[in-house]
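What follows is a set of structures for review.
One chain, subunit A, links the two complexes that follow: it is found with subunit B in the first and with subunit C in the second.
Coming up: the complex of A and B.
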């Protein structure tokens, strides 16, 4: 059975349904991360002592720059579809995926270094929070990459049949990806700089 | 559907957004290296990060562009976030210190 899909904005919400759906999903995601941030503040301010500058700022700064760049390429991928520039869309979306993968690789190297130094979550509250917050964020990166790989692979054929629907899918994916960038921009100073 | 002529100003806007985000990121790292004390340093660093995150929400996610329902959703979400952050802050401020 074909699920009916409306590409036009509804007059009552001003949004097409998928976009309203992704915004509601992001609102629920905010609750998850706000809860984690709140736990961080509570545990940090209640701690007798707190380790400072024990995480690699250089790697995290590079990762921040990567995510900021990937948000930019994601917007360009969506805009390329709006101007019917398919090859530019593919290049920009491919670049976004590549930047996301590099982010995860840097995160993997970072984890490896800490694990080799015996800095596991059981070591102290700081490392427990560090692994929890960054791993939850990294899982969100993986989720975004899976969707983008689908849009680059089997999902791409929708462009020929339903170009507006495909463009909406890319826009919704972009909203999610920007949100992942948004969360990292707040996580980065909290864990690495303060 | 827009024409290709419409893309030029958007590209400039995105480049400006990208550049401002990188500058804000570097400023955040730079300020964290200054000896401002924990309270002032943390305030300035998180303020810069919040501005950077706001740039993402407004310029890239289109919070203002997407209409009143999205703005309402964002405001309600902010209320919950502030609640979640103020609650522990209030608890800590009124807690008897034993150490």
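Coming up: the complex of A and C.
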């Protein structure tokens, strides 16, 4: 049994199924982070005092650069498939994974420093928000990395049989990755700069 | 091409077939409905005869829950919280969306399956695990969640045991419904049969489409809130705990900021939870009611042998309803001191949202006007839905306006109101749907006599249960009180109704027995049904009963609108969507 429009676009909607699916998923993700960001705004505006500049801006700036670069390499990995350049695709996707892993490592060091200084989530509402928001975001990074590792590993076999479907999968993963990147671009000023 | 024999597990347990998954959802949902109803039957004994041992099952409850068979207040609270949770999240929504939606959407749009069969399988099993976690909380130390299905902080944050698992269970349920709603929307947008334009879609599909958007967009903020409450409970944060909170003479929070252990830091806002919760939970009400409206629409068109009156208006109303349901949530919060400006906004939107509901209800009534109605069992349930939902809807208006709501808030009036919408409203529609599509799913009809006993018994009992609650609520009787509120003088004349309500509730339990017998015996011994036993027009009746794994042997094309009944000049009184025009 074949489900139609898994690879080719439906003429009247101009979409293949997974592309519509990933956009809908991202819409629900927007609402998830909207809930978290609204909580941030409400708690901050209601707070008597709010800590400023207690987080390491340097590490966060490095992380921002890493994620933006990884979004770029992600697009290049997809573009390489479109131009049939398999080895360049592998290199770019591998680079994206590497950048994501470095992001997580830096995040880990950052957490460790705060924990060592006794700045746990229960310290105050600012740290509660800091840990919760960045941890939910980091979980999204982990999720993206798992999918990319699958596409680099066992999932890569699909390229030989169904090149269009494989390209679509990389495209959908990329859309998700850009969204996770975008969330970080909002988190960075909210937590580290403002 | 035949799909071939599959091993048992692939066919019945981990099937990718939307019809099997739909039936799994439906049966699990029905079991949870029965379970949630049983919890309430126990509670109703305590309310009718306070401080007396519950007969039969009182002895089976542990001493920690019911000493000497008499319910303890903590256990009463657990039963109440879990009744709401089970009924809404594990019973009605999985049956209405997961069951009916999964089974019928691909059939009604002429598709072979859902767009993502594996995702479909996953959403069922994630739901099942979430449900098991919820039920298992009865056995953790401290018992199940006891802070109401709304889980309002600060009580929910400092409550014992089960609340943490309640939150974990909710994360599973939210994940499941997110996956499911993505699947529904993609299926409806992408897999419609040739010729099935948007305005030819059955009304049921439209209703499911709108409900899927609500699940997709309204549930994630509750997931966010759930994560925050989980942090409050396990990591000692204070998202929802204000500074200087004192409970039972003990300070819960300290302002010092050097919190250790579970001591909270303070600075949180309990109202934040209420906003995030109701941002989901009001659209959730429409997730409960929209599929019911869809089912009733199908059955009324079929049994009046007429097209739905004002189909286009109904479709636009469904869309408008879904949109508006996202901007009315704070009408649950008038007594929080929100201020008149904000209250004015939410009162206005609440009055506006009643308009599309009335358009839909009026259209359904207009369809009945002057028709020669076939009073089949599904039609009886569908007809009863109209006045029952009408009562539920109209009694909601005083709750949507702050001046009257401040008196009625948290009384039994509210309980009566939303139960009229969901119990004799949505659940009657779901029963109607079961009787109507049972022949399609099994190839056999359900017994009519047992169906009628089930219907009349349930209809009478439902009204005897919920009508007195309006009297109690208008008299000022509060909900969530362990003994019904005996110590309050204004309840003196109202408490006697609890005996009436209790007896009606247990009688209604008895009237579900014919349904259960009917359901299981008809699978095997019911009268055989043809492909189109009700002479209906939509696509699910184009294939055999039950349909094969791939649904249609020849993929159908659509030639006309969904409800072409009694077309002048036609040979028969129904012209199916899948039959080409003559000549």
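Please note the rule applied: the second predicted complex is superposed on the first by the 189 of 194 C-alpha atoms of A that agree within 3 Å, B and C clash if a C-alpha of one lies under 4 Å from a C-alpha of the other, contacts with A are read in each partner's own complex, and residues count from 1 in each chain.
Heads up, the rule we're going with is that contacts are C-beta pairs under 8 Å (C-beta built on N, C-alpha and C of every residue); 3 or more make two chains touch, one makes a residue touch a chain.
This is a predicted model, so every value here is computed, not measured.
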First, second, both or neither for A:138, with subunit B first and subunit C second: neither
First (subunit B), second (subunit C), both or neither touched by A:95: neither
Contacts of A:156 with subunit B and subunit C, given as first, second, both or neither: neither
First (subunit B), second (subunit C), both or neither touched by A:65: first
Which superposed partner A:42 touches (first subunit B, second subunit C, both, neither): both
Contacts of A:191 with subunit B and subunit C, given as first, second, both or neither: neither
Subunit B versus subunit C as contact partner of A:179, first or second or both or neither: first
Subunit B versus subunit C as contact partner of A:121, first or second or both or neither: second
Subunit B versus subunit C as contact partner of A:13, first or second or both or neither: both
Common interface residues of subunit A - those touching subunit B in one complex and subunit C in the other: 13, 15, 20, 24, 27, 31, 34-35, 38, 42, 46, 48
Subunit B residues within the subunit A interface of the complex: 1-4, 6-7, 10-11, 14, 17-18, 21-22, 25, 28-29, 32, 38, 41-42, 45-46, 48-50, 52-53, 56-57, 60-61, 66-70, 73, 76-77, 80-81, 84-85, 87-89, 91-92, 95, 99
Of all residues in subunit A, those that touch subunit C in their complex: 1-5, 10, 13, 15, 17, 20-21, 24-25, 27-29, 31-36, 38-39, 42-43, 46-48, 120-125, 128, 131-132, 136
Residue numbers on subunit C that touch subunit A, as the complex places them: 3, 111-113, 115-117, 178, 181-183, 185-186, 189-191, 216-225, 227-228, 231, 235-239, 257-260, 263-265, 267-269, 272, 275-276, 279, 549-550
Subunit B partner contacts - residues on subunit A that touch it in the complex: 13-15, 19-20, 23-24, 27, 30-31, 34-35, 37-38, 41-42, 45-46, 48, 57, 61, 64-65, 68-69, 71-72, 75-76, 79, 82-85, 174-175, 178-179, 181-182, 185-186, 188-190, 193-194
